[in-house]
Structure formats: C-alpha cells, structure tokens
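The structures considered in this document are given below.
The same chain A turns up in both complexes below, where it pairs with chain B and then with chain C.
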Partner chain A sequence: MSLSKIHEIAATLENEYVRKWKSEGNAVVGHACIAMPKEMAEAGKILPFRLRGAGNADTSTADSYLSRYNCSLCRSCLELVLNGSYDFLDGFVRVRGCDHWMGTFDEIAHARKPEFVHYLKVPHLVNEDTLEFFAGEIKRLKEAFEGRFGVEISEDEIVRYARIQDKINEKMREFYKLRFRKPNFYGSDAIAVMVARESLPSDIFFPLLDSAMAEKRKIDYRAKVLLAGSPLDEIELVRKIEEMGALIVAETTCFGGGAFWNMVEYDGSDVYEFLARKYLENLKICARMFGEYAYRKNFIKSMAEEAEVDGVILQHNKFCDLFGIENAKLRMDLEKEGIPTLVLEKEYASTADIGRIKTRVQAFIERMGR
Partner chain B sequence: MLFGGTDVGSLTAQAVVLEDGKIAGYRNIRVLPNPVESAKRVMGELLEELGLRQDEVVIFSTGYGREKLVEVGFAREHVSEISCHGRGAFWLNPAIRTIIDIGGQDAKVIRVDGEGNLVNFVMNDKCAAGTGRFLEIQAKALGLTLDELGEMTFRSANPVVITARCSIYAETEVLHYMQRGVAKEDIAAGVNRSMAERIYYLARRVGVEREVTLTGGVAKNRGVKQELEKILNVKFVDLGVDPQIVGALGAAIFAMEKYGGE
Partner chain C sequence: MSALPGLVKRSYEMLKAIEGIENYTWEEVEGLYSIVGKDLGQSAKALLDERHDGAGLHFMKVIAKHIREAVEAKDEGKKVILIPFNFPPELIHAFENAVPLTTEVMSTIGVVSLEGQGEPYWDYAMSLGIPDYVCSANTIELGSALMSVEALEFTPDAIISGAPGSCDVNSKIHEFVAEYLGIPELTIDKTGGGKTDYQLYRKLFLRMVNELEKFVGEEIDEDRIISVTERANECTELYWELHELKKHSPCPVPNMFTLFTYGTRFTMWGRDEAVSMLEKLVDVAEKRLRRGEYPAEREIARSVWVYTGYYIDLYDLWIWMENNGISYLTDGLNSFFPNQFEIETKEDALESIVSSAWNYPMTRQMGADNMGIQWFEDLTYLAKDLNANCAIYCGHHSCKQTQSVFRIFRDEANKIGIPVLRLDGDAWNRRITPVSVLQEMILDFVQNVVAKKRRRRRR
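Coming up: the complex of A and B.
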C-alpha cells in the first residue's frame, strides 16, 4: 500500500499532503538542487519542493524562452511552470546549480513574476573560505524566508529538523541495502521514493518509507546495474531499462543515493557552519563541483562494489556539458578498472528515444554475458 | 534443423536461413513502414524461395521491432543487433575481433573476443554524423546516386576538406564548394573521407583490434571503405557474403546455438 502511495505521490505534482500543508497556512517553495538546506526551510514551516519534469516531454512553450540547446529536463520543468502546473508554489529558491538551471530560473522570474525568488549562491569549491561564504548564504536565505513568509526560524528548530533528516538518511541507506545483494525493489521504486521525499514534509515521508520497506517484492532480472550521471527523475525510463532485464540496484545521481548516501549527521557544532559543511561537502557528487572528479569516481566505484553490480550506466541529457564530459572520462576510467560501462545520451522523457536506449541496454546486458 | 534470423534496419530488412550449419539462403528488401511487416515479408519471401514453411524454422529477430516479433509469435527470441553483427561476422571468420557496422541511421563499432562473445561496443548517439543518412544527404546535394558517390574517391586527386561534423552543416559546405565551382569528384571524395573520419572517432572510443571487417549498407561504398582502411591503418577482411546480411545471420546463429541441440 505504502509503495503504491509513494508511486502515486511521485506521479503527482501537487499531492494531497502538499494541499493539506498549504491549507494549514504553510508555504511551499520550489528549488532544483540538493544543496537546498531542507531542515532550515522546514524549521520555518516552509516545505522545500524540488522541481521535476514529471515525465513531461512537451516543451513547446519553454522552447520559445530557452532554446533547444538547453538541457531538456530544465525545459520540461520550465514548461510545467509556464503552464501553471507549479502554481501551488509560493516562490522559488534559485539554488546555484548549473547554468542551464540558472537560465531556467531567469525565465521563470521573467515570465511568471513570482512574488518570492531568492538566489542561494553555492560555491564550486569546498575549502575553509567557501564554507564560511556558504554559511553566510544560508543565513541570508533564512532571513529571506523570515521576511517574506513572516516566520521565525530558530536554531533549535533547525537542529530538531536536522536530526529528523539524519533519521531519514539512515532509513534511506537501509532501504538501498535492501536492493543490493538480493534485490527486493525495482530501481523505478527507488526513484519514486526519492521523488516522493523531495515532495513531502519529512514527518509524512518517514513513516511512508518505513512501511514501504516492508513490502518487499519478488524481482526478476538478468543483470544488476548502477545508474550514475545527471539528475534523473524519469521513473518510466528506468522501468523501460528494467524491462530489458537490467535491474537498477543503486544510483549515485542526485535523485538517488547522491542526495543522502554521504550526508554527515548533526554533530552539535554551530548550526550554520554545520549546514554549510553538510550540503557543500555532499555536493561533491555533482559534476558542477571543481576538482572533485576523483571523489565522484570513487563514490561510483565503492557503491558499485557494495551493491555487487555487473556494470554501470552513465547517463546524461543532450547538451548537459557537465555530465557529458564527465561521463566520457568516467567510462574510460571505469572500463580500465574492469567495470563494464555504458554511456547513454538522451532527451528528457522522449518516447522516441526509448527504442534507441533499449537496443543499447540489451547489448550491454549481452556484453556482460547475462 | 533449420534456423532463421531477421534484421530490420531503417532502410532495408534482411532474412537468413541456416540449414545443417550452412547458409541455405538470404534475402534483402527495402523496408515497409512497419518493421514487423518488413520482417515477415522478407522472411516469407525467403522461405517461399527455399520451399520451406515458417513452422519448420526456429527464428530469432534483431533490429527494429525485434521484441514485437517475439510477442506476436513470429520469432522465438530476440537479440540486439550489436551482438548479432558480432556473432555473424565471427562465425564467418573466427579471426575477426572488430566489426564496424554502418547502417542507414546508426553506426556501431563492435569488439568480440576469441570466442565471438561481445566484449565492448560503441554506437553513434543522437546524431546522423557517421551514418548512411549522412551519405544520402550529401549525395543528394551533389546530384549523385550512392553508388556514384562511392566511386568518386577513385577519380579525385584533390579531395576537399569537410570540417563540419554535423550532417546539415556538412551539406552547407558541400553546396559552398559547388558554388565555388570545385569539381564534383573532389567534393564527393571529401565527403567519403569525412565520413571515414567520423567513424574513426567512434572507433577510437573502444579501440580497434585486428582482424577488422566492415558490414552494413555503407560497406558497399568503396570510397568510404578505402578511406576508412587508410585512416585506421587496417585492411578490412571480406566476409564473402553480402555485408548487409551479417546481422540477420548472427540472429540465425544465436537460434542455432541455443536450439540446435534439441
């Protein structure tokens, strides 16, 4: 029941819990990056809702704002904002992810003129100076929330929600381990879980995840695969890959393990310094962070080993320069280390792409001798 | 026992039947709008020619519509065209380790091991560069047939340089050269060379191990073939069959390997 509820939430933008949250007078803000300090927003009764494409392949209006040379996930999200699907949001936090997202937020601000848009600057390096800078940026975000939504965000409340996030992260790791050796869930279930997490208040998500984990499934597959690369919320695409027999048992993407696997827990230190460290350190999983290639490669390798996968699929949307370049290098390095690797370049949610992708996945499984 | 394979591409469809471990016959047709109908038509024509019934042959499918052919009960199983080209080429010549297959819409470089197993592959991504379609576009711009385009390499002393990787921009360059009055032979030879360069970049991603063969429709373009041999510094092994049937042959071989013991 809980797993089907999670799939239902993942398939809906304004879900029933969001509606209830809003009916109680609370705000919901949209963002598009895992550098968003969730506990700080929730401490002010502001729900951080991560923008996603929700499988929307029609970008006809968005294409007149952005161009066809922009990432199709961004264009898909922009289309949903433009057509009113995200009208339940009370504003946006323009978290500094990649340039495609920055352009998307520029167009959102221009076309929809939301009452609240705050720019959260995120450094591209992790060192003492940038951590201090980012802690200051998080404080500025807190003040912006307080000013716009008339709430008070206390440090005690941030700590309380940080501890809840720690519990959720721990539970997510347990959930992932149920997919490793003898998989009990499909990768499409895991993506749905991640999408639901990004769309729900934490006190709703935790018990849902807990009970979904009890609903172990019987899984048929030919090969176990780790999915890496650019942000991927396409449940249908993962389902199609799995129909070919390539079971996704782990992801290092930011709609997967990358969002929580290496997250540090609250250690009692200054709350803003802690949040800066927690989110910036974790962001090393993203190709937008400079000088952290080795970190990302080792993350993929260690998760591939732990999940005992037969191979790795590195995917990115066309025109995603960050992951396009990174995936080319990763493929060479992982292959050198004996890990079969397939690079998939795709367009977001394109059904015309499915046949092409399935051919490559099928050949990849055959290559792995499965 | 009899085993068959069908391979439906973007422009042509092939069928092969094996009898007692030998090629009993093959057929190659232009595709119909529906890939399932293409496979049924090409295999139907071949079976009729061989005087066989469909239920006498264990058929494996590859290429477009391969899954659907299994769903509708026409084929017993389906295998990717990548594995099929690899297995087909290796079966024809066990010294083969690299297969370069260039079809109408995709180009693949396939590596097999000493037992014919697929060890690596690379395909063109969302781009027509390096596919038969690239040649079609340029041939049309030059007012040549595909066969004529291939032969131009042997009549040109000064092939032009086509710098654009994109098929559309390359066509612009071709038109530019034509407007400047450059000889058609030199432009066409430049097109064949630039096609070979595109495949070279693809091949570098998985490496090229000898022996190497060229399959697919573009293998019939002598100009591209020669340029590719030059740039890769290899001599392609002639498999002794129509290079377009290798995928269908591979499917038939997989059927034979799996059900031959029954």
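Coming up: the complex of A and C.
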C-alpha cells in the first residue's frame, strides 16, 4: 500500500502532500542538488522540492533557451518549468551543481522571472577554507529565506530537523540493506523512494518509508547490478533494465545512496559548521568535486562488495561532462579490479534509446556469466 | 595504438626550425606552402602575411621558446607545470626551477602547425573512452599527454587546474590526465563574482602557491617575482595601447593580432619576450594607421567574437575576413581587462597575480554569479568601446556554459541594437563544420544584416 503510494508520488510533480503543505500557508522552493541543506529549509516551513524531469522527453521549447549541447535532464526540467508544471513552486534555490544546471537556472530567471531565486554557492573542493565559506553561504541562504518568506529560522529548529534527517538516513540505509543479499525490492522501487523523499515533508516521508519497507516483494533476477554515474530519476528506464534480468540492488548516484549513505549525523557542534561539513563532505560522491576521485571509486567498490553485485553500470546523459569523463576512468579502474562494468550513455527519458539500452544490458548480463 | 610522436614533441621539432628564420619573402612563403602541405601551409600563409610585417614570425618564435623551455627543462632539472589557459603563467615564471606549458596553446599549435592538425591526439583520447563532446581546446593536448604512458610524449611533472567554477569539462579532463598519469594536480576554485568569493579564491590561490613552492622545492624569490610583475605591468600598458588603436576605422590592427596577443598572454606574460612581442604589435598597427592601410576597399563589419575564434584554418577565416572588409576587433579569450599594479614586495606581486587570475577570460564570465549577464556585460562593453557593429559566437560545441546562456546574451545584445550571429562549429576540430560553411554564414550575416543596418542608419 505504502509502496504504491510512493510510486504514485514519484509519478506526479505537485503531489497531494505538497498541495496540503501549501494550503497551510507554507512555501515550496525548487532546487536541483543534494547540497541543499534540507533541515534549514524545513525549519522555516519551506519545503525543498528537488527538480526532476518526471520522464518528460519533449524539450522543444527548452531547446530554444538551452542548446542541444546541454544535458537532456536539464532541458527536460526547463521544459516543465516553462510549460507551467512547476508553477506550484514559490521560488528556486540555484544550488551550484554543474555548468548545465547553472545555465538552466539562469534561463529560468531570464524566461520566467520568478520572484525568488537565490544562488547557493557550493565549492568544488573540501578543505578548511571552503568549509568556512560554505557555512557562510548556508547562513546567507537562511537570511534569504527569512527575508523572502517572512519566517524565522531558529537554530534549535534546524537541529530538530537535522535529527529527523539523521533518522531518515538511518532508515534509508536499512532499506538499502534489504536489497543487497536477498533482494526484497526492485531498483525501480528504490528510485521511487528517493524521488518521493525529495518531494515530501520529512514527517510525511518517514512513516511512508517505514511501512513500505514491510512490503517485501518476491524478486526474480539473473544478475545483481550496482548503478552509478549521473543523477538518475528515470523509474521507467530502471524498470526496463530490470525486465531484462539485471536487478539494480544499489545506487551510488545522487538520486540513490549517494544522497545519504555517507552522511554524518548531528554531533552537537555549531549548526552552520555542521551543515557545511555534512553537505560538502557528502558531495564528494559527485564528480563535480575535485581531488576526490579515489573517494568515489572506493565508494562504488565498497558498496558493490557489500551488495555482492555481479557488475556495475556507469551511466550518464549525453553531454554530461562530469560523469562522461569520470565514467571512462572508473571503467578502466573497476575492470582492472575484476568488476565487470558497462558504460551507458543515454538521453533522458528517450524512448528511442530503450531498444539499444536493452541490447547492451542483455550483452552485459551474458558477459557477467549470468 | 599510434606510433606517431606526441604533439609537444612534434611541435618542438617543427618550431625549432622556425626560431632560426630571420627574413623571408612572400615568394618563399608561397614556396613553403607547396612543400609543407595544406595544413601547415595555410597557417604559414596567414602568420607570415605581409600585413603583419613580421609580427607573425615574431609570435611563432615566442611560442617556439615557450615549448623549447618546457622540453629542455627536464634536462636542466626543472619542473614542467602544465597550466590551463585561464591561469597567469607569470606565477610559474617567478620560479627559478619551474616552467609553464599551456594546455590550450599547445592544442592550438597542434591544430595550426601539424599535418593532420590535432586529430591524432583527439582520437587517442577518444580511444580511451572519453566522450566525444568534451572540449577540443584541452583534449587535443591532454590526449597527447596521455600518450606519455607509451613513451610517445613528454610528461609534465604536475598539472594546475584553474577552471572549477567556470568550466566543468576543462577541470574534469585535467583531473582525468592527472589521475591517469599519476601526477599531482593543484586546483583552485571560483564560487562566484562577489567579495566573499574573491576572499575564498585568494585563499585557495595562495594555498596553491604554497603547495607549488613545496613541490618545486623553492620559495619564490622576492626580486624575481617583482621583476616578473613589473614586466607584466609593461605588457598591460601595451595591451591597452593596442586596444586604443583598434578604435580607428578602418581598423589598423590586423585581425590576427588578437590571437597573437592572447597567445602571448597565455605563455610569456611577465617576460621580456612578451614585452617585445606586444611592442611589435603596437608598432606595426601604428604604422598601418599612419599609412591608412586596410586590405579591403571598405570596412563593412566591425565584429567582436564573443567567445573564441576558429583555429582550424587561419588563412581562410582570419585573413579571409579581413580581405572581405570584416574586422575581428577582439574576442572573449582576449577579455582580460588587465590592470597595472603598484608592486613593492613579494606579497604585492602575489596579490597582483591573484587579481589577474580572477579577472581572466572565462573565469571572469563563466565563474560569475550569473554567467549570461556577466558575459553580456563584458563583451558588449568591449563592443561599444571598440565601435563594433556586430557580434559573432563561434558556437563551440563543448562549451556547455556559453551554449546554455547564449539566449540571454543574444536577447540582451539585440535590445541594445547589436546583431549577433550564432555559428555552430568546433574551434579546434575541423570535422564538425567545414570552413566553407562558416564563410558562407559569416558573409550572409555581414551582407544581409550588418551592412543593411549600416545603410539604414546612414539614410
């Protein structure tokens, strides 16, 4: 029941809980990256809603703003903003992710002139200077929220929500472990869970996840696979891959384990310093962070081992510079360590790609000896 | 895979010969064309064109020296630091025991001076699984650097990455090479265009200087860095003199002088070689102004290229435009907005270098709070200052940031009456769009949009 609710939420943009949240006079802001400090927003009764393409493959209007050399996930999201599907948002936080996202937010500002667009600057390195800077940025975001939405965000309230996030992260880790050894869920379920988490207030999401975890399924598969690479919210695509027999039992992407697996818990320190550490250090899972390649490789390797997978799929959208280049290096290194690896370049939500992807997955399953 | 030597090795051999040339006649250039083949021949014809009055040869010698110093540094026990174009080479010149080698300049040298252009090196990178939408500006040279594992190319000792915050693909391909070759990478980061961003950038830059000192095994000497930054001040003065000369119509500064300027900026700034190069450019332009020289009957278009130019055929693009009355006044890569600095101490000198790096093209625009607006403001400032009547975007296919905000640039430029042509090609890779198509589009734009607008204004 809860699992199907989660799938339903993942399939819509403005879900029933968002509508209720708004009817209570609360705000919703759109963002596109896991560097967004969720507890800070929620402490001000502002729901951070992560932009996604929701399977939309039509980018005809967006293409006249962005170019065909830009990532199709970004173009898809821009299209949804331009056609009004995201009109329920009260503004945007332009979280510094990759170049494509930066251009997307600039075009949103240019074309739609939203009343609230705040730039959250996220460094590409982790050291004491960048952590100090990022703590300042988080404070600036708090002030921007307070100024724009007329709310007061207290440190106590941030801590309260940080503890809730800790609990959710813990639960998510438990949920992932239910997929590792003897899998009880499909990868498409896991992606739907992640998408729902990014679209709901945390006090709604937590009980939903808890009861969904009780709905263990009987799963058929030929091979167990870990999914890595660029952000992937395409539930339908995962379903198609799984229909071939390649069960996704773990993800290190930022719409997967990358968003919570390594996240530290609140330790009683200064709230802003803590949030800076929590989010910037966790971001090392993303190819946008420099000097952290070994960290990412080891993250994939250790999760692959723990989940006892037969192979790894490294996917990225065409024109994704960060993961396109990173995946080339990861393939070399993982293969060297005896982990069968498939690099999959695709267009977001493209039905035209499905046939090709299925053939490649089938060949991969055979290569893994399954 | 290929047994062809790397780009640096080949360019070194080729340019060594050029360093010995003193004088030449046009007949000799034509003769050279028939010997060296089309790829190098077109570049030789463009660089050695009479209108440049020897400035092209001078430029080749500057670049030859840049490469020679890097290749020969190893024998002298010095470290070779591979730097990206958006990083001030004067910092490396301040070291006694380190020399810079600039990635994008090397790619350009490969494209303009080697038979087969940069294609073998691009293909090598692709053969390793790197996707084909990465930036040719860096991937050609870095593809060649990857060949050093097969002893086909010379290996740099360390890599500086200066693009995080302004260009993902540039930063990422540098990281790939550092990981692949197992050499250290030193990275800076630009988070935006405000005061706190500058403070962070400065801290990271100085942190990197510190790491570099440790790596090279030498603390930068105060006298040496002061002398380097004083030379940089002289270069800045000459840069602005040349900029002033470009305001005349018809433009007395040949199209290719913009390329010579930034080629010098990216390699030898802060050195006597750069000062003499820029003196030569100013001198030639002043003479042309006095003599009223311009290769076409009329200057029809005064264009600002808002990002890069094309390097795939210097003669049939840069020279061809000028012969058709299309002046290439400046471009995005030349938008340094350099300043002169009061330098008395090592700290002053370092501060001046940090500030120059912060203001570098691309870092300045694409690392701003709003890429589209900063890009528009900078380039239209230059367009207005130089009385340009049009803007051209090369549509470099890898430039995801410029591509993504081009619409903002064009809409804003149109509001202030500057027509913009958007081309679609790869500045360093001729396989994407043929030169003839680019020529056709440029001519069409100039004749049907720019010239008509001029006529309307005159009526």
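Here, the second predicted complex is superposed on the first by the 370 of 370 C-alpha atoms of A that agree within 3 Å, B and C clash if a C-alpha of one lies under 4 Å from a C-alpha of the other, contacts with A are read in each partner's own complex, and residues count from 1 in each chain.
Operating definition for what follows: a contact is a pair of C-beta atoms (placed from the backbone, for glycine too) under 8 Å apart; a residue touches a chain by one contact, two chains touch by 3 or more.
Since we're looking at a predicted model, the values are computed, not measured.
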First (chain B), second (chain C), both or neither touched by A:Arg367: first
Taking the superposition as given, does A:His110 touch the first partner, chain B, the second, chain C, both, or neither? second
Applying the document's definition of touch, where does A:Lys318 land relative to chain B and chain C: first, second, both, or neither? both
Quick one: is A:Thr359 in contact with chain B, with chain C, with both, or with neither? Answer first, second, both or neither. first
Winner by number of chain A residues touched, once chain B and chain C are compared: C
Which of the two partners, first being chain B and second being chain C, lies in contact with A:Glu345: first, second, both, or neither? both
Examine A:His100 and indicate which partner it touches, taking first as chain B and second as chain C; both and neither are also allowed. second
Once the two structures are fitted together, what part of chain A is touched by chain B and by chain C alike? 318, 345
Quick one: in the complex, what on chain A touches chain C? 64-67, 69-71, 74, 96, 98-100, 102-104, 106-107, 109-110, 119, 121-125, 127, 129-130, 133, 136, 287-288, 290-291, 293, 318-319, 321-322, 324-329, 331-332, 343, 345
What residues on chain B touch chain A, complex-wise? 64, 67, 79-83, 117-121, 123, 125-126
Listed in rising order, the residues of chain C that touch chain A in the complex are 128-131, 133-134, 161, 164-165, 167-169, 171-173, 175-176, 179-180, 185, 187, 189, 191-192, 196-197, 199-200, 203-204, 207, 366, 369-373, 397-401, 403-408, 411
So in the complex, which bits of chain A are touching chain B? 318, 335, 345-347, 353, 355-356, 358-360, 362-363, 366-367, 369
